[in-house]
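Chain naming follows the written order as A, B, C and D, and within any one chain the residues start at number 1.
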């Protein structure tokens, strides 16, 4: 695909995710981590203005000067912005105005791309496409949160995207990986994020990693064995989280009249034990692994063995904190704020999920979240 | 008007207030005290179901059994409900569904009223109409908050309802009232709330009360005299409120390029000093009065003198806490939760405001809010 | 007693209350409302410096210039101060240093009083004595809180000061008071606080007030009838308080092996049903009265009838908010901060308690606290 | 030294640290992380009861059965305990009672050690000695916090233990370390903590590490260059911390009349630029390093190069999160709670400090704290 085709495809994909929504669904922010869908549509559009059109396209006139304040996410370099907790308090700009904003910016972007932006600007455009794909995943997870925490449990659509059978048919088989020096980090000349570099050697002891992620019925055994009532499996911080929030099952699980159900993007359904577990915090992942007499793989073990097992339906928590690789360098200016400033107090997830746009992830890709978060499509692969 | 005509008129008035809104405006709850307009439309409809149709209309089938959970405000008698802070997290039921809900309930109510509900049920229906009128005022103030705290400052409409010139043309004249025994509380055989009863005698010392409420320019003098920087005018609790929230002017005032502006329901406007002050907390009202060497009237003084001055544009803070009158009796059942359970930690406001439906208030009417709240159309009348 | 003798007696009484303490007991502040005993001893001493010695005794040299910062309670006029929540974080000045401070100030005060301070300064000294007596009551209640919330339940002493049998032997008799105009407020030429003035007329409907306050066994009936589980008796704010704090009995009550106990200043004891109930919040007082089909008296009813019943063992919650009387005037300067700035969001208590110094209270005395507080010796007298 | 001599020496050392304190200093807990000195003295004594005497010494009678509740720190296995934030609310047991408790337990321990406890129990006793040494460091840092946050700034003693000149005389020299495989983790047959095991290989790229830690004057340059005002040097989380807490210098620095001072354990002193910087959060360490165009070493780089530079005056933040080593195993029972359950959301510090008991640390020692904490003697060594 040409860059122009890619741009068109990515922009269209964001809107396709929102197509089944009612206007009201675009507006709310039930928790700080979940942004309103209309904010995602606006923010991804603002990104093109702020990083491409305004700095690199002389004569470009911003669609609305107030949008910089409304749609900046966290770029200190670019100025003041709506505090994150207020995103759901803004009824305006309206959904229609944001779609108009998208069209306004797309016209300018398509002209700019058609004119041949030059290699350096092309790199920023590719970053922008990857950025918008990341927000496509967030659109899925945020819509699921908004609808799945509504007492009426409305479905997003009847497309059954988030319930995925285990390829392993319940097996617990492990793949063995020998000790040795492994190369870690992105290799190749395509796009990657700065946090995947530089490529470097890591020595790993021999280890074994599960061929398939944990299923619902495997996790149910942990619940039924009293896993949420026994502190020994948990970090102290995780145990506090369990007690303070009265956690007793994965997010979106509901025990209704003695039977487990699960909210899916197609609505509330009886829990299917053969499906892949999802919506698990790091604390729960670690507790489950400990209960099995295992542990989580490190991100290096994961990357070194990713060729030996199937992945891509669930983001898999690793036992690695999100930290810079040797030789990591931030870009100059606002783009330098993209990844580096978050490299503390978060854990790395590897793989991809059902909500990740095709082709967006790769085995060197580093996703990261605080250990208590579980509204993403997060699962568990154990190691030992 | 017949009861049937009243019912039609009141129900229509609620919807008329929302007519200028975009769908997104119906959804948000920027602070806990401000409910989403669609919640008001649903809650006032639920009230008819919960207090009239379900208990008194055998065979009535509720529109949607989940709505009891979604639209119950605070009636413990009637069961579980969405926590108040979550109202703005609910994108569903949608605006269209809520208008359908209104129509469904209206059809049942109109049949019931046409059939002659009997005296006792008529009383509950009249209470329901007064209840819906109270929410009409809240619709105005909540819409103003939602739009007035949006960085784009959209107007509700071009109808200039909330900016009202002072009848007193800036005068500071006082009305004198002699000492004596006064009768306080509702008198007559029309509708009143339980908190206006029983009518009882109160002895008042002689006092003077301002003929007109405070104007913007009068309050501006207090600001310019450093009123927000000098603790001596303030309650300890009010002074903490000023400092913690960095308060330096009434709500909706903005100093832009050295000139005061005011957000009104018709948009952002230069401040007009001759208009009546509004959006003032009890703390500010007390501080202003103290700075003038005066005080606020008690609710008894207010009621005893209300025939001697014009009122009705601003709710006027009084120096009276919201407490039961001698002989106050709660009704049986859920309706008993209407007023009595709030009789602690709130202050009484008297009068009415530009947002109060015509005919809704009267001189014995007792409005009440926590002392820090100021999103209502609240003003100041001083006394001495 | 001469003023000199009074001064000596009051100062000595403060120290006598602390005599049974170990040094460690002087230091802690388990909740914001409970100050460390050594802070009380220092603050009451600072009061003499700040209000008498420094302004009125030329040449007086403060004991330690830092103490103004450490021991100022809330006087904005007098400058910066330790934030209230930090009082329990200060190990210095030590207990010994504070006793030295007391001695240093007492010597100067005794000289000043002996020299004849003049009428105006005498008035401030009398205020200072009343101030110190108020802190003597707080010393009792704060010591009780500190020791009574320690898992070892140490006794303050074996003096059984806080457990008081009901004079009414469990009777429920009511005293009737006819309707009429009553004079309210301090009358006489002795000392009173500014909040007891001016004396004014209040019209009261006829009412009945209980001859004796509620006993433990009467309150136990309320508990056993499910009083803490039924919202109907409670204010909405009180019901939230019950649920949020999991309240199910008065403060200092403990159900141990199925039997109720009560922490007293002489240690943990089996609950004696015939004793006067104590350590009750306003919310609980109102709920109990409602459950009995009664209410609390207003502060005006209380004062008008106080000659007809015994009082003085428990502070009695009234159904009156703490507000200024007609003609209330603040003093000039820092002393003006004594009472007036607290006249919002608090409820009035009348009477006195076992911890009130003899002669300190009177029937026009207005004590006041926020409705959720119950570490004072607070009880219930019902009315109807 | 024999085990008996070691036991005596360690126990005595804890008390020696407290010898200069006044009783009041033993009691307070100004922030949750700082425990009262008397709690440390009691907790370290309880440790012997809970882990040695009660399980391994039949017939041992605990000193006071309530102390298990009072002095358990975080061992879920061992039962209920005072919530951490309440430690400073407990005036009892008194300081004298705790010293008696120490004597009571010491007598039993000395008998037990003299009797020859056997190899397995000896290992637990050695762990207990190391545990008490860790609390000796905390005694220093907590006493410094208690006295250093008192407005009177009392000294702990005139021993100048925490102000240490830089060995590097201000030099910025770097030590070079070649790439290669390094062995990490404890080696030998002495005592080590479980978190130092198992020893394993780590591959490191070549790097350079500063020969000496950062001095006060070097850090002052960062301050004067606006380091606390420029977000670019900070993690997003660190920048929020700076703004929310209004941080503008290391803990214990005070700008008085235009001149920097520093609270030391010997009192308030003018800042000496040649001394080693201390009391720095991880966020500040990272920001400083970034401003110098450098970074922090990882814990593996630190350990691999620790033979090439002097260390031991300041705990040095590393760019490594606190995570289990390959092959890490928790012990059975309560001792298994010692380290493993904290392996999330903390950063590793290496080295030792002026407050670390001699012989307690080693180059494989892993200290760990949350990134915002800075009341320990923490400093910076940069790398590149």
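Convention: contacts are C-beta pairs under 8 Å (C-beta built on N, C-alpha and C of every residue); 3 or more make two chains touch, one makes a residue touch a chain.
Only a predicted model underlies this, so the values are computations on that prediction, with no experimental measurement involved.
Shared contact partners of chain C and chain D are absent.
In this assembly, A is the chain whose CA centroid lies farthest from the centroid of chain C.
Centre-to-centre separation between chain A and chain B, using Cα means, comes to 44 Å. Inter-chain spacing, taken between the CA centroids of chain B and chain C, is 36 Å.
The distance from the centre of chain A to the centre of chain C, each centre being the mean of the chain's C-alpha atoms, comes to 57 Å. Taken residue by residue, chain B touches two or more other chains at no position, since every residue touches fewer. Taken together, the chain A residues at the contact with chain B in this complex read 22-30, 38, 66, 69-70, 82, 86, 88-95, 146-147, 149-152, 154.
Partner chain D is touched in their complex by these residues of chain A: 74, 76, 181, 200-203, 205, 207, 231-232, 234-239, 282-283, 286, 295, 319-321, 323-324, 326-327, 336, 341-345, 347, 371.
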